[in-house]
Amino acid sequence: MSILVDRETRVVVQGITGRDGAFHAGQMADYGTQVTSGVTPGKGGMKTDDGIPVFDTVRQAVDETGANTSVIYVPARFAADAICEAADAGIQLVVCVTEGIPVKDMVLVLPYLRERNTRLIGPNCPGIISPGKTKVGIMPGEIHMEGPVGVVSRSGTLTYEVVHHLSQSGLGQSTCIGIGGDPIIGTNFLDALELFREDDETEAVVLIGEIGGSDEEEAADVIARGYPKKVVSFIAGRTAPRGKRMGHAGAIVTGGKGTAEEKIAAFKKAGVDVAETPAQIATFVKGLLS
Amino acid sequence: MKIHEADARRIFSRHGLPVPPSELIVSADQAKAAAEELGCPVVVKAQVLVGGRGKAGGVKLAATPAEAAEKAESMLGMEIKGLTVEKILIAKAVEIEHELYAGIVIDRRSRKPLMMVSAAGGIDIEEVARTSPEKIMKVIIDPLWGIMPFQLRQLQSFLSGEREVARQIGEALKQLYEAFMAVDASLAEINPLVISPEGKVWAIDAKINIDDNGLYRRSELSELRDESAEDQGETEARKNDLSFVKLDGSIGCIVNGAGLAMATMDMIKHYGAKPANFLDIGGSSSPQKVLAAMRIILRDEKVKSILINIFGGITRCDDVAQGIIDAKKELGIDVPLIVRLTGTNEERALKMLEDTDLITAASMDEGVEKAIEASRS
Amino acid sequence: MKIHEADARRIFSRHGLPVPPSELIVSADQAKAAAEELGCPVVVKAQVLVGGRGKAGGVKLAATPAEAAEKAESMLGMEIKGLTVEKILIAKAVEIEHELYAGIVIDRRSRKPLMMVSAAGGIDIEEVARTSPEKIMKVIIDPLWGIMPFQLRQLQSFLSGEREVARQIGEALKQLYEAFMAVDASLAEINPLVISPEGKVWAIDAKINIDDNGLYRRSELSELRDESAEDQGETEARKNDLSFVKLDGSIGCIVNGAGLAMATMDMIKHYGAKPANFLDIGGSSSPQKVLAAMRIILRDEKVKSILINIFGGITRCDDVAQGIIDAKKELGIDVPLIVRLTGTNEERALKMLEDTDLITAASMDEGVEKAIEASRS
Amino acid sequence: MSILVDRETRVVVQGITGRDGAFHAGQMADYGTQVTSGVTPGKGGMKTDDGIPVFDTVRQAVDETGANTSVIYVPARFAADAICEAADAGIQLVVCVTEGIPVKDMVLVLPYLRERNTRLIGPNCPGIISPGKTKVGIMPGEIHMEGPVGVVSRSGTLTYEVVHHLSQSGLGQSTCIGIGGDPIIGTNFLDALELFREDDETEAVVLIGEIGGSDEEEAADVIARGYPKKVVSFIAGRTAPRGKRMGHAGAIVTGGKGTAEEKIAAFKKAGVDVAETPAQIATFVKGLLS
C-alpha cells in the first residue's frame, strides 16, 4: 500500500476544460490513473477529447462516478471555492496545483477542510505520484520508477531533478509528494513524515526543503525524537538574500528567520544527512539502503 | 508588496485608527504650507520603502513651518539605503508618554493571523523578542471569528493598567486587525502606538505589506506600488510574469521552478563562483518569457555567462529553445550561453539548437561547471 | 418575533433583493394614489401576521387605481384568522412565468442555517416537502464562511437551466442569506420568488421571523413588533418578563420553569381537565412577577381555579408567597387558588400563607387534582 | 467514576461578581465543589465574600488555580465571548447557565469549541451534578442522592421534580445533566447517552424531553439499535399548541414537526417506557432496576 493514492484512486479533475486541466487529465490517464470525471461549471454534459465526462458540480461527479480524489487546475481566484466544493462533496484528498492563491483564502479554507476531514496537498504544488500505480498532478511520469524511497518536497522541478537522479541510480520511489511552495499549505513535512512512518513500502525518505518558515526545523525535531526510516534532506536557498521572495511565496527569510543554515543545522543535529547537491541525495540514499 | 507610510496611514484612518492628520508633499513650499495648516510642531518623514529611515536622518521634528520647509528641503533628493527621497509626509506631532508596539502577520505554524504587542515600542521588535520576550504578548486570531473581545481584553490589559487607555488600545487593535484583513495584508504594524500625557492613544507610524496574490480583489491597491523602490529588472520581470531577484555574482541563471532556481544558485556557489541572479520562468513557459529573461539578465554588465537550466514538465523544452534562438537574434548576446534542457520535448529542442554556438550540458552539475568555466575565459 | 411583509420587503430591498416597488397605506384614497404612482396593475395585500391570507381574500390584483381603492376599501377592517386588517401594501404587479420558493431556517440538527429551494413555489412548501421531496434542494450553510459560490451554483442550476436567470437567482439567494444573518432571523422566506416572461427574477413576497434574543443588537427592529397580532396577555407577559401562552381550558397555571409548566398542563389533561394557559415565571422570580401573572390569568373568564406550582431552586418560595398575598390584596381574586410550593425557603413561604384561605398541596399530583376539583365546585 | 465531573473537578466561575454568579459560587462551594476561582473583567485581584480569588481573564484563572471546568453566569450579550474565552484558555468543560443567548451566537460558538475539543453543556441550563461529589450549576443540591440513575433533561425545575421523586423512592443519581432548553445546544441527548453508555456507575437513564426539534427521536433511534442500560423517558408538552413557543426557545412545534406524540411514539417503538407523569418515572425506574 502506497500512501494517500494507489490504483483504487478515482480522480475528478476540477477545471478540466481549461488548458492545463485538459492536458494533464490526458497525461494522468496515460499514466494509468483512473480519471473518472471532470468539473467545469456550465459545461456539464460534455465530454473531453479523451472521453472523460464533465459535470457542473463536484457533487454530481462524485455521485455519478465515485470519485474520491480531486485535482484542481482552476484559476487562483476561484481555487479556494473549488477546494471547499470538493471537501463538501465528500472528497477525502484534494490536490491543488493552482499557484497564486491569496494567503487569506487558504487561511479560511484549511479549517473548512479540517471540519470535513479532507486532506489538501498544495496549493502551488506538482501533486502526488505513486510510481507504477497512479499519478495525481503535473509531474512527468516517465522519470519515476517504483521502489522504496519516499520523497516529500516544497518544490516542483527540483523534485523532478532529484527523482531523476534517484531513478538513474536504481532507486525507485514509493510515493513522491509535492507539498507546495506557499507559506500556508494543507500538508506539511510533519504530516508527510507521519504518513511515511507507517508505510511498509517506504524504507527511506528524501525531504527537500527550502528557505522560509520553520517546517523543516519541526520535521528535524520529530526525526530527532525517533523516526523508524532513514532520512536524507536537501535545503535550497543557501545563497538566497534575506528579505527577498525567491519565486515561491513561502521562500523568504524574514526577520532573520527561516534561513537555510538554521534548517541544515537542525537536520544535522537530528542525525539527518544533508546533501550539498541534488545528485548527492541519490548517493546518500544508496549508501543508507545498502 | 510594500506600500508607503502615507498610504498605510490612509488605510488605517479609513478603519478608524487614531492617526494624527498629515499631508504628503514634494517640495519645501508645500512642507511649509502643510505645517501651517496642520499646526506645529510637525514631524517631517521621508517616504522610502526601507526600514531604519529614522537612524538615516529620514525623520525630523520641526517646531515651526519655516523649520519644516528647511528640513523637507534637505531631505528631498537625499538617498536612504539606495533609495531617493521623492515624497515627504508632514504629520502633526503628538506628545509621547509611552511607546507601544502592535503588529500582525500570518503565522505559518498556526496558519492564522498572529497579533503581537509590546509595551516596548518605537524600537526594533525583533530585538525585543530576542532580548526581553516577557515584554511581548502574542495572540493567534482565528479569522473565522475575527479578533474576539476576550482577546482584546487580554492584550489591552497587558499594555495598560489604566482603564480608559486600555479601552482605546483595545479599540485600536481591533481596527488594526480589520485593516489587516480588509487589504489582504501579509503584515500590518504600528510602531510606535503611543500614549500621550493626556492618556490619548495615537498610531504615529504605519506599515503595511500586501499579499500580491490578493491584489486582484482591490485594484486601487495595486496603484500604491512604488516601482522606484524596486530594481528595474524586478519591475520588468513582474510585468513579464517572471520571478527575478538581482544578486551580485557573474553567472546569470534562467531556470524553471523556484526550488530548482535556488538549487542552481547554490550549486554555482558550491562549485566556487557566484550567481548574478535568481530567475524563475515559471511553469507554463513561452519563448517570449525566455526572451524577456535574457534581456533582464544582460542588463547586468557583471554577467560573464548565462546558464539555462530547464527540467521540462509543464515547461516544454522546445519553447525554451525557441526563446533562446529569438534572444540570440534580437539581443546580440556576447556572453557564452550554457544550456541544459531535459524533459518534455527535449529532443526536439536539442535539434533546434544543433546549429548554434551554444554550450550544452547533459546534467545540472555539468551545466554549472561549464558556466563557471565559460565565465572565466 | 414575526414582522409584517412590508417590513420584511424593506429589509430584503436593503440587501439588494429584487423586490417590486410598493407602498404601505391605511385608506382607500391612499391606495388609489399609490396605485397611480406605482403604475397598474398592482397587488393589494392585507398586512396580517398569519399564513394563508391569500385564501382568506387578503391578496387581490387591481388593474386600475380605482379598482385598487375599491379592493383596499373592502379589505380594511376585514378579519383574517382573528386579526383585523389595518394596513395594506400596494405593490407593483409583476408578470409571472415561474414561481419558485427560497427559504432559510436554523437547522437544529446541523446547528447551522439551512437554505431550502424549490422550483414549486407559491404554495405551501411543507406540502411540497411531503409529497414531492425531489422538487426540493437543501444546503446547509456554514455561517463561518457564509453561503459559498459553489453552493449558489448548485442551487441556481437546480432552479433554472437558463444561464442568465440562474445567475439572478444565485444573486438573490446570496442576498437572502445576507439579510437572514444581518437581522438575526430565525426564518427568512421568499414565496414565491418569480421569473417573469422576460427572464427577470423578482421576490414578490417576503417573510422574516426574528430571534427575540438578538433584538438587543438592533433596537430599530424591535419597533417592527406588531402587538395587535398578539394576545393582550402575551404582550403584558412579555413586558413583565414572563412566558405566557393562552389556551382554552379552565385551570389557570403559574409555574416556574418551562418544562415544569408544560408538565403541569399535561398533568391537568392527564387527570381529565384542561389548562387555561401556559405560564412560566422564569428563574429569578419576584413578588411583582407573580402579581402580573395572576392579573393576566384572571382576565380570562373561563378560568375556574388557579394552580401555583413552584419547585424552588433559584426561585424562592417566599417571594412567590409574597406575590400571592399581594395579588389577593390588589386584585380581589374570586377563584380558588391551589398552591404547591417546595424547595428554597419553602417553610417560610408556608408560614406566610398560613392564615390565608389558599388550598395547599404537598405534591404536584395533589395540586393538580385539587385544582381540578376546585374548578368544578 | 461519574461522567464529566467528579471530586477532581476544579471550577472557575465566569461572572462571579454578578448576583447569580456570586450566589451560586457559594452554593457550589457549600455542596463540596472545588470552586477555585472566578472571573470578572476589571475586577481581577479582589476576593469574593466566600474568599474565592477573582481574575480578569480565564487564562489567568487557569494558570493560577488549575481550573479545568467553567460555569458561566454572565449576561446573554457577553456569554458567547465568555464561552470562547474559556475554550481558548484550555477549559475542557464549559457549563453555560445564561439564558437568552441569540441563536446566531451559538451557531458561531459551537464550531469554535469543537476545534478546541471543549464540551459545552447548555446554554440556558441548570448545569450538571454528580451527587455526593460535585455540582456545577444552579440545581438545589439537597434533593439529590448518590445512586445508579443517570438523568438527562432539557428543562430545569421539571428535572428537580423528577429527581425529587427518584430520591424519595430511594433511587439515587449517578449524574444529572441539564442540557438546556435552547434550540442550539452544546451537548444533546445523543451525546449524553454515549457518555452514560460507558459509565459503570450508571445502571439506568432517565431522559426528560419536550416538544421541539428531533433530538428525542434520534436518541430513540440509537437506543433501538442497542443500548446497554435501561431507559425511561418523559416528554413534556403533550398539550402544547402548535406554532407557539413554550417558554424555552427550543420548545416549539413548527411545520407540524417536533410534537410530543412523535417523540413518544419513537421511544415506544424503541422499547423505552414513557412515563405519563413525573412521579411515574420513579415507579418505572424502580421496576426496571429491581
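The chains carry the letters A, B, C and D, assigned in the order they are written, with residues numbered from 1 in each.
Simple rule for what comes next: a contact is a pair of C-beta atoms (placed from the backbone, for glycine too) under 8 Å apart; a residue touches a chain by one contact, two chains touch by 3 or more.
Given the structure is predicted, the values throughout are model-derived calculations rather than measurements.
Counting steps between touching chains, the shortest path from chain B to chain D takes 1. At the far end from chain B, in terms of centres built from Cα atoms, lies C.
One simple way to say how far apart two chains are is to compare their mean CA positions; for chain A and chain B this gives 28 Å.
For the pair chain A and chain D, the distance between mean C-alpha positions equals 46 Å. Averaged C-alpha coordinates give centres for chain A and chain C that are 54 Å from one another. Each of the following residues of chain B touches two or more other chains: 142, 144-145.
In chain A, the positions touching at least two other chains are 108, 111, 115. For chain C in complex with chain D, the residues that touch the partner chain are 106, 108-109, 111-113, 126, 142-144, 181, 184, 186, 211, 213-214, 216-217, 243, 245, 247, 255-263, 265-270, 274-275, 278, 280, 282-284, 311-315, 342-344, 363-365. Taken together, the chain A residues at the contact with chain C in this complex read 41-42, 44, 56-59, 78, 81-82, 84-85, 88, 108, 111-112, 115. Residues of chain C that touch chain A in their complex: 142, 144-145, 148-151, 153-154, 157, 163. Considering their complex, residues 19-20, 76-77, 99-108, 110-111, 126, 138-140, 143, 153-161, 164, 181, 183-184, 208, 210-215, 218, 234, 236-241, 244-251, 255-256, 276-279 of chain D touch chain C.
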